[in-house]
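Starting off with a structure, shown below.
Letters A, B, C, D, E and F mark the chains in the order given here, with residues in each chain numbered from 1 onward.
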Amino acid sequence: MKFAVTINEGPYQHQASDSAYLFCRAALEKGHEIRRVFFYNDGVNNASSLTEPPLDDRNIVARWSKLAEEHKLDLVVCVAAALRRGIRDENLASGFRISGLGQLVEAGIEADRLVTFGD
Amino acid sequence: MLHIVNKSPAERNALESCLRVVQEGGAILLIEDAVYAATRGNAAENHLRDALSRFKVYALTPDLEARGMGDRVMAGVTTVDYGGFVDLVAEHKNCQSWL
Amino acid sequence: MSEGTVKKFMFVNRKAPYGTIYALESLEVVLITAAFDQDVSLVFMDDGIFQLKKGQQTKGIENKNFSPTYRALDGYDIEKLYVEAEALAARGLTEDDLLVDVTVMSRVELGKLMDEMDVVLSF
Amino acid sequence: MLHIVNKSPAERNALESCLRVVQEGGAILLIEDAVYAATRGNAAENHLRDALSRFKVYALTPDLEARGMGDRVMAGVTTVDYGGFVDLVAEHKNCQSWL
Amino acid sequence: MSEGTVKKFMFVNRKAPYGTIYALESLEVVLITAAFDQDVSLVFMDDGIFQLKKGQQTKGIENKNFSPTYRALDGYDIEKLYVEAEALAARGLTEDDLLVDVTVMSRVELGKLMDEMDVVLSF
Amino acid sequence: MKFAVTINEGPYQHQASDSAYLFCRAALEKGHEIRRVFFYNDGVNNASSLTEPPLDDRNIVARWSKLAEEHKLDLVVCVAAALRRGIRDENLASGFRISGLGQLVEAGIEADRLVTFGD
């Protein structure tokens, strides 16, 4: 089945990004396809290449980059939300791309299920 | 359809709003801080027990365990892991997250 | 690929404006979804009905008043606006207090409508 | 002391928690989404009316106006601008934000 | 300038752990405040009491279990831990369910204590 | 009177930073001193030099920088919270500085009042 996922909160402050990541990994393990992960609202902060969590903590951004690389995930950051919050190409982590809100709508149309994670 | 709730019933109105809207045949999945709603002795217990007679209610085991609540789940609530979460989304025609 | 596909999208608005950005960023998705020629429904429940309150004046908080956009939805052929009856009553509001024409529904009716959707988005 | 609340009483438990803790002589300032609690006809109206008999309750005018609620303030609630907010913090020995 | 000044700091914890970061980042301020030799009180109200629940196992959410830190507070001479009696009861918990020794107080008593503080922090 | 202010949420997503800014400005207009503004939790995102809001919206970051310049405000970003969220010297807006959590405690000790703005 084709899933799409939206994340509306940034890393660490809320559990949303953690839950979405574990959901995506479980879906992939079950052989489902993740059509797209769309980062909206503060969710765009998950794409910052400059994050550096304490060594004994999980690295949320790096974990998304790795999952994207392994499974060719399409991680899309909303351009308008990103500009508001200071995420641009120059601090965009690997595996993410910046694009328009239409990508969220398109994901909703093309996927069988769209699941939202937020606050 | 599947209703996903992630907020503690003592802090926010999300679960309460959800319970008023769920239709027959609907299912509720409690994740993150919402898993407290599925534990024995919490103030929303009767609320949820009432829901259990009408809908299937699930709670996410990793979130229960993180909060030290794995051994306090109310009878009638089904616990699932992330794989079960994925299955629930797949099995229902659509889903709504009560953020 | 998605050419020609029309899905039923519902946007569930449950949060007050200005305290958080969700109402505004939800509205932006609504407009784009309409531009994709999808079947769009907006639901205002709980504190979400405050988004439609007449008379918003944001000068004092130096923020942008985005409530006129709800009036413009009509121009994008977005006409399915549903408001929870119980939420209006619990806030001392009536339809006259709202910026736009809406269909007032009970929670149960809204629940039935939600069940029929293909995609439900909530911010 | 001054208690600052910024959440809608319909969405979160912050105002309710605050009201159970405020002592005689305390004051409550409603800002941001909490200003809805000070409006006529809202579900927390009786709750707040009860509080008004015991404490001073203030609501921030710019937040009321932004939300189109400037003309619906309950009798007994005092409205203040940001200057008044500053005065309230200065006049009370300490303050607590009910986040 | 602040040399020698000792103020009464109170940290009001009202949120559950893991769903948000507030509990963890509050704890970090608590430790620093103690390092500044201030008079530190911690209050656990509402869902904040869940921070002290025994048996937290975070492997399944791949997050760090920071609850052992509450046990270490003693070593920083942080001994004033207050728990709201009503919050415990409303969650079906008793003192035995908590990781550390605390003083259980009614909301009214906590309110009195709060009044006496110089600085109250809440996250 | 000496005030200190803490901000725990990022720009735009929550009203916290707006409210804190208007509070600080009003306090300064009344002749009070703002001893320090401390950015903690997601509040550190208020210090990103890369934000670029729509032209018809307020520029929250620039507004803080300007207020700091005009009134010599001490805007301090918590280093640990900032690293977790991708705020570093390279994307730090003017008028902000990165320092330790001790700066918050010190502000609490030295100021007559500490006011917290958050979610």
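Keep this in mind: contacts are C-beta pairs under 8 Å (C-beta built on N, C-alpha and C of every residue); 3 or more make two chains touch, one makes a residue touch a chain.
All values derive from a computational prediction rather than experimental measurement.
Taken together, chain E and chain F share the touching chains A, D. Across the two interfaces under comparison, A-C and A-E, the one joined by more C-beta contacts turns out to be A-C. With centres defined by CA atoms alone, the chain at the far end from chain D is A.
Interface of chain A with chain F: the two copies contact each other largely through the same residue positions, with over half of all numbers used appearing on both sides.
Among the remaining chains, the Cα-based centre furthest from that of chain F is the centre of B. Rounded to whole angstrom units, the spacing between the C-alpha centres of chain B and chain E is 27. With centres defined as mean CA coordinates, chain B is found 24 Å away from chain A. Spacing of chain B relative to chain D, judged by their CA centroids, is 33 angstrom. Those residues of chain C in touch with two or more other chains are numbered 18-22, 46, 61, 63, 118-119, 122-123. Annotation for chain D: residues 6, 10-11, 13, 32-33, 62, 81, 94-95, 97, 99 touch two or more other chains. Those residues of chain F in touch with two or more other chains are numbered 8, 12-13, 15, 19, 22, 41, 57, 80, 114, 116, 118-119.
A list of each chain pair in contact follows: A-B, A-C, A-E, A-F, B-C, B-D, B-E, C-D, C-F, D-E, D-F, E-F. Per the touch definition, chain B reaches chain A in the complex via residues 4, 6, 31-33, 62, 81-83, 85-87, 89-90, 94-95, 97, 99.
Contact residues on chain C toward chain D in their complex (touch as defined above): 15-20, 46-47, 50, 53-61, 63, 65, 67, 90-93. Across the complex, chain C is touched by residues 1, 13-14, 17, 20-23, 26, 94-99 of chain B.
Per the touch definition, chain F reaches chain E in the complex via residues 6, 8, 40-41, 80-81, 100-102, 104-106, 108-110, 114, 116, 118.
Chain contact summary for the complex, chain C toward chain A: residues 1-2, 5, 7, 9, 21-22, 25, 28-29, 32-33, 35-36, 38, 118-119, 121-123.
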